[in-house]
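See the structures that follow.
Below are two complexes that have subunit A in common, paired first with subunit B and then with subunit C.
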Partner chain A sequence: MDMTLLKFLLFFWLAGVILAAFAFPIVPSPRHWNEFPVIPGLEDKARILFFHVPMSWTAVVAFIISMISAIRYLVRKNGNDDIVSAASAGLGLLFCVLATVTGSLWAKFNWGSFWNWDPRETSIAILLLIYGAYFALRSAIDGEEKRAMLCAVYAILAGVTMPFFIFIVPRIVASLHPEPIVNSQGKIHMNPTMLTVFLASLAGFTALYFWMLRLRIRTMKAEILSLARADAA
Partner chain B sequence: MTEFFADHALLIVLAGSLLCWTGVFLFLLRMDRALKHIEDHLKQG
Partner chain C sequence: MFRSIGPVLAVMRKEFRSELRTRYALNALFMFVVTTLAIILFAIGNENASSEVLSGVLWIIIFFSTMSGLSRTFITEEERGTGPTLQLLTRPLTIFIGKFIFNTVLLFAINLLTVALYLLLLTNYQIRSYDIFITIMALGTVGLSATSTILAAIVAKANTKGTLYPVLSFPLLLPLLLSVINATKMAADGARFLDALGEYQVLISYSVVIFTASVLLFEFIWKD
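So, the complex of A and B:
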């Protein structure tokens, strides 16, 4: 299938998600396919779920891919794996920041303050610092191979801590944060219309991440190639 | 004025989100095309 067609399909897909997320009415007892139920205590603020959770999910996917590429680099010593690892960590950080911003906006309207040092907020702040340090490390080392090697080790360590901060801490410490989508019994309790829009958003954001990852990898490769050309000239 | 924003909050957020997404999409599309051009140029060189 033509890639341009897929990109436009993604555009309309996510535009549809945005339309559904904000245009579908919230009613006490939904009777039609295009109605969301009232979630007590959340009401209209529940709409952020269609963006905040997929952004967090995409950040998790990006950090996992960064870790896998780092492991591959240590095994094969192929520079391409280092590029994929760095590109994915950057995108993970971007989506993590977006998830934090959307979460803060929601917190302002629900808890009255943008930042409350809730366990969820604290754990995501630590995760942001961990991946921020990854880029500080990356820019502090000159030698290409040494940088790739140290960053691969760091990306693996960061990747190992990530599930702890995203999935474990918020579940073992009392938090004001609403129950996760997949609850402690491993079940999803969601109205079918909400679930459809939510899953469509999840798929859309994941596809957007892979497109952005491909672009970032190509940009980094072009940078390396043009620098090598400039050095040779 | 405040009343207007309160009455049309969802519509404003919807329009703003659609506008942002269109901007991001067009930026990525242009970047994709520019990269293709740079890659072709590097291949020739």
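So, the complex of A and C:
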């Protein structure tokens, strides 16, 4: 598959998503295909939905991939799995910061303060702490194999703890997060136009993440190779 | 499986003996609890802190006492160089369970002391539902000990052990801490035993999940 073609495809896809997210008008009763409904209390601020949710979703996907690579590393002891795990964790950290910042902005405009201790807000902050701890651990160990092994174990332990935040705590404690997205029946109550743009944004950000992951893995492997050559020379 | 009880108890006995032989570590831990409590008392002074705040503060003290005390089992192995001997003597699972039980007993003792002093010295803080409180203390201690033991094993192999330990532990302990602080607030307010059912469920499932994961992962850490 030609990567250049896919790169341009991704660029235009995301450009289209961003355009749609900002340019489509918000009207009280949408009659055309390109109109969003007014959500009472949110109006124009609802547009952040198209960015905040995909970023949070990508941060979690990055984490899951990091964890799966960690499991593979422990089983196969192949250094490549450790590279994937670390690369994914780095990207996860990036998307997590973005998700926290966009979430804070939304919180400020909707509920009046940047932080409210809502369970989902807390979950994304904890994910941030887990990523931070992962990199703190990574920099504190000498020896490649020991580092890979210990970081893999930590990633798995953190991965095992995450379901508690994502699924269990919000069920027990009432959440400020809006119901159309986050509800107990798991159904999405959204206008079809909004749903299309939203899902397109989700797909776009996930594709962006995978592209960046691929790039990062190649860079890290190249770094290791050049270090090895420098040692040999 | 029952053949392993002997070795597990032996590992436990070894931990108790080595800690009780030179008691400076235990004394330091005891003084840590007393000092932290003193700081809290000075900070609060004559103010009337609400029971919600005081419930949270109790668990802050317990968390930091855990961070001080529970990493010793593995770090001393690395420092004294007794790790390889232990590796030769018995299976990793036995070692993990032995150290886990030791850590749990130690944490029970620390928590008992903390809670006793806390209730004694903070006169405006009262627990109204002791059934909830005792259950939560028991479940919370087991959960804390499970996470702390496996993380102590990880941190013992790293470089900046002391500062890294709380950094690694806090995110993983958060579900437990949130549950336990909430339930302690309920106990202070006098809720009924079954009102805190959600919290018991979270705590039990958390402990089971972490313990199972630790048992599976410990072998990778131990066999360096």
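Operating definition for what follows: the second predicted complex is superposed on the first by the 228 of 233 C-alpha atoms of A that agree within 3 Å, B and C clash if a C-alpha of one lies under 4 Å from a C-alpha of the other, contacts with A are read in each partner's own complex, and residues count from 1 in each chain.
The criterion applied here is as follows: contacts are C-beta pairs under 8 Å (C-beta built on N, C-alpha and C of every residue); 3 or more make two chains touch, one makes a residue touch a chain.
All of these numbers come straight from a predicted model, not from anything done at the bench.
Student: Look at A:136 in the shared chain and tell me whether it touches subunit B only, subunit C only, both, or neither; answer first, second, both or neither.
Tutor: The answer is second: A:136 touches subunit C but not subunit B.
Student: So, does A:146 touch the first partner subunit B, the second partner subunit C, both, or neither?
Tutor: In the superposition, A:146 touches subunit C alone.
Student: Look at A:195 in the shared chain and tell me whether it touches subunit B only, subunit C only, both, or neither; answer first, second, both or neither.
Tutor: neither
Student: In this superposition, which partner touches a larger number of subunit A residues, subunit B or subunit C?
Tutor: C
Student: Just checking: does A:74 make contact with subunit B only, subunit C only, both, or neither of them? Give me first, second, both or neither.
Tutor: second
Student: Now for A:23: first (subunit B), second (subunit C), both, or neither, which partner does it touch?
Tutor: The answer is first: A:23 touches subunit B but not subunit C.
Student: Applying the touch criterion given at the start, work out whether A:224 contacts subunit B, subunit C, both or neither, answering first, second, both or neither.
Tutor: So A:224 meets neither subunit B nor subunit C here.
Student: Look at A:15 in the shared chain and tell me whether it touches subunit B only, subunit C only, both, or neither; answer first, second, both or neither.
Tutor: In the superposed model, A:15 contacts subunit B only, not subunit C.
Student: Which holds for A:126: it touches subunit B only (first), subunit C only (second), both, or neither?
Tutor: Only subunit C; A:126 stays clear of subunit B.
Student: Shared contact residues on subunit A for subunit B and subunit C?
Tutor: none
Student: For a test of understanding, state which residues of subunit A touch subunit B in their complex under the given definition.
Tutor: So the residues of subunit A touching subunit B come out as 7, 10-11, 14-15, 18-19, 22-23, 44, 211-212, 215, 218-219, 222, 225-226, 229.
Student: Sort out for me which residues of subunit B touch subunit A in the complex.
Tutor: Within the complex, subunit B touches subunit A at residues 10, 13-14, 17-18, 21-22, 25, 28-29, 31-32, 35, 38-39, 42, 45.
Student: Which of the residues in subunit A come into contact with subunit C in the complex?
Tutor: 74, 122, 126, 129-130, 132-133, 136-137, 140-142, 146, 149-150, 152-154, 156-158, 160-161, 164-165, 168-169, 172
Student: Which bits of subunit C are touching subunit A when the two form their complex?
Tutor: Its residues touching subunit A are 147, 150-151, 154, 157-160, 164, 167-168, 170-172, 174-175, 178, 198, 202, 205-206, 209-210, 213-214, 217, 220-221, 224.
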